Amino acid sequence: MYPFRLASRDYHPADSVISVGDVLIGGGHRVYIAGPCSVENPNQIERIGRAVQGSAHILRGGAYKPRTSPYSFQGLAEEGLKMLQAAGQLLGMPTVTEVVSTEDVELVASYVDMLQIGARNMQNFALLRKVGAQSKPVLLKRGMAATIEEVLLSAEYIMAEGNSQVVLCERGIRTFETYTRNTLDISAIPVLHRLTHLPVIVDPSHASGKWNLVEPLAMAAIACGADGLMIEVHDEPDRAWSDGEQSLKPERYRELIRSVRRLVDCIEGE
Amino acid sequence: MYPFRLASRDYHPADSVISVGDVLIGGGHRVYIAGPCSVENPNQIERIGRAVQGSAHILRGGAYKPRTSPYSFQGLAEEGLKMLQAAGQLLGMPTVTEVVSTEDVELVASYVDMLQIGARNMQNFALLRKVGAQSKPVLLKRGMAATIEEVLLSAEYIMAEGNSQVVLCERGIRTFETYTRNTLDISAIPVLHRLTHLPVIVDPSHASGKWNLVEPLAMAAIACGADGLMIEVHDEPDRAWSDGEQSLKPERYRELIRSVRRLVDCIEGE
Amino acid sequence: MYPFRLASRDYHPADSVISVGDVLIGGGHRVYIAGPCSVENPNQIERIGRAVQGSAHILRGGAYKPRTSPYSFQGLAEEGLKMLQAAGQLLGMPTVTEVVSTEDVELVASYVDMLQIGARNMQNFALLRKVGAQSKPVLLKRGMAATIEEVLLSAEYIMAEGNSQVVLCERGIRTFETYTRNTLDISAIPVLHRLTHLPVIVDPSHASGKWNLVEPLAMAAIACGADGLMIEVHDEPDRAWSDGEQSLKPERYRELIRSVRRLVDCIEGE
Amino acid sequence: MYPFRLASRDYHPADSVISVGDVLIGGGHRVYIAGPCSVENPNQIERIGRAVQGSAHILRGGAYKPRTSPYSFQGLAEEGLKMLQAAGQLLGMPTVTEVVSTEDVELVASYVDMLQIGARNMQNFALLRKVGAQSKPVLLKRGMAATIEEVLLSAEYIMAEGNSQVVLCERGIRTFETYTRNTLDISAIPVLHRLTHLPVIVDPSHASGKWNLVEPLAMAAIACGADGLMIEVHDEPDRAWSDGEQSLKPERYRELIRSVRRLVDCIEGE
């Protein structure tokens, strides 16, 4: 018996389908989420949003950035949320952004369509409970050293508060290998699909830390059954305020999604 | 150059000495912290406190427990804080307990003498800032997958808010070895002593997860230069509400501290 | 600059194509290797060989098994080599088997078409030199805790002796995650393709340790650019002398290769 | 039940005492092994041997070096063995050196008093069997990613061939932490002492990779119950042919052993 219940396949045998605005995730619905690491200004988020519009269902952009150093850029906070909301409304795209503190949950939820819990907060149980007690869907990223069972128990924290709109995201674990920023645990996708009914997407940008590994990892994730991708896109990666080295340019991103869609057709054609 | 500043030896060459009530930590002052994993009732915490009184400077006891599962006992919250405070006052021992949410910081700080940030919250930056903005000393535990540099950057978050009363705690990292709950990174003690002026203590209970490994690890930590120990003690480990299998009985704890003190005399006699 | 030379893309920009009998590997030629973990008797290896014949290019089967315990079955040695050779000749399939000792290299090379260096021997430099000094192609598996750079330096050991017929094999690394036997480092495929001209195949059987994860990992590997797959197949997994729980039955293996071939067509159709 | 037998405490409850020449290891006998990483010339090994003579029981020096790169210095081979033997005889010190190939076992055993199996060969089972089939004592180093159970199964390979003169050596495991070359798993000492009757020594030089961490780690190891230390010493670390950055100068080594001996007196005085 597994120590999680609401999140388990036993409890809910069919795939869950999560709605973010009018976008569906899971149960055969694949989602592509794209956007810059950080929202930098109204023009930037709108410009990048427009550039990925046909190739992404949901627009991402960080307003509260959990940075390792207190001296790094920490995000534009509420100003950033407003810019993200405006871009999403203009382009007709639902939005997702990270929330890093219990105190910000209501505010963030008032601006965006999906709340992200980042890897560093995967076991911030107070925050999990808080996002579980509101109604916006939650994107829960796996922690750097979290086992698969721990990811599911963190999902359980959210669901136990009444919010079952949870999407899991594999984004790489910390290992001895230093060539990549993290090690994408590709096996987590089929393992999670066996253990839980919740959708599982993959973030190849954080997993690799290198833009030129994003495409092969995205293809692998989809071939392996992932329900979607979250990818960092920036039109001027060299000038990005954060994570430029792992961001794709919009044209590359669109090309990647074209390849991904052909791959999906091929797999579903079987 | 290191990316941390206030925490660095370069910035502050002498060892920092942190005061918790009238207990000093660092710069040659070794601290022994003991008590149960969880505060269970007024009698339990007072009884255990009394049993370790002469062998521990600070009394620990959890009131807010960050548990992997939402269905595990989560602590007695404010009731637990009151019991811990009462026992501390009765016995004349300062107290330390974990705080897990920004919203609880003020409340917790009003009851105890030192605030603990647990391993799972080491990169909960909102919480770090909050404990940095109040004046009680902070015990910062290393995260399970945190590098030494990341520990120091988390300390920097606290110090950058104005609170330089920070004690670091090595408690084991997550590795492939499964015989022990975690792998105590003993090298972190001398490495941290080179990089920072902050005191470094060790928690052999969480590092090993087994009561019969606590003594050898405690001796190793002190021989290696640790500024103190934090050890889980319970007089009925089999009935403890959490972590019983890694808790020492009071008589064993007192024996251990006698050995530790002989070791300190021996080392300082040099 | 990288510390390896002969193995590097700089030294040899085009993909190397390795020949094993009349089977080509690399430079667009994908190879499927299948067979039982251990050769058990003449009938078993012939029967399994026949069952995978149309779906595998190369027949594998262990005669020298590097087992963690001295009390586990260690392989049939030369008798096993004879059985493997006979099956390969009967079915017209080249063969591959592991060599575990410098003293066996000549003998093993006299029976099979490709020599495998297992994960535990990846840094057995005496063995690497020995297989480098003979002319049969070599399948070099990544060690459990080997970095990508170390894999390439081990290939360099073989090549520096004059044998440039080396195929690399990612088979999972050791991490904290215990749900899978190892963690398949899928990123290693595109990273290796950037750093080296040598072909890179994947062993999803050892990477996962579970037969029901073999298919999704195989698909991921191919989508990510792997030059082939090595998969354990047994017609009576419950009675296999070793690794039964990670072995596919022949019919499942054939189905998997059909899916893989459709995936290849789809990717190459682009 | 554990999968190892001859190595287990159940099979042999009392501590084993291993003899290397007239030096005893285990059961209260602590051994200090010192010398250069590589034997470089007759004068070097004699000079360093003389410098550590009163502070080390056994002289070490590598003649066959298992180097990650084929282009690094690989040791002086038989010439190095002769130099080590000569220095040992001159100074009246038993000697230990690494053997890396089955083919060299007899030759190496004819020159030195103890054979070392290095971390990279811990699961080179052919080599384990070969050193098990001869009579010189064996120093078995833990592999970089080997579990404690695997170390004991490798010891079992040696013992099952008839050689029960085995000393285990913890030398650090590979983890995500990059500040140190490896992570010394200090808990392995008490854990091994519970599981096996074989002596356990520690190599703080390889564990840390930094000469200035050798002393604190050595003290920790002894405080934790280690049966000895193996430490790299070089009188001109900057000019050492290998591992200079982790080698102590002789005067520092002698000082360290003085501290270690005071620590032993203190512990045994209890």
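In this document, chain identifiers A, B, C and D correspond to the written order of the chains, with residue numbering beginning at 1 in each.
Just so it is clear, contacts are C-beta pairs under 8 Å (C-beta built on N, C-alpha and C of every residue); 3 or more make two chains touch, one makes a residue touch a chain.
These numbers come from a predicted model, not from an experiment.
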{"item": "Chain pair showing more contacts of the two, C-D and B-D", "value": "B-D"}
{"item": "Most remote chain, CA-based centroid, reference being chain C", "value": "B"}
{"item": "Intercentroid distance (Cα basis), chain D paired with chain A, Å", "value": "48"}
{"item": "Between chain D and chain B, distance of the C-alpha-averaged centres to the nearest whole Å", "value": "35"}
{"item": "Per-residue multi-chain contacts in chain B, two or more chains", "value": "145, 174-176, 178"}
{"item": "Complex interface listing, chain B residues touching chain A", "value": "3-5, 66-71, 100-104, 120-121, 123-127, 129, 143-145, 150, 153, 156-157, 160, 174"}
{"item": "For the chain B and chain C complex, residues of the former touching the latter", "value": "174-176, 178"}
{"item": "In the complex, chain B residues that touch chain D", "value": "145, 147-149, 173, 175-180, 183-191, 194, 207-208, 212-213, 216-217, 219-225, 259, 262-263, 265-267, 269-270"}
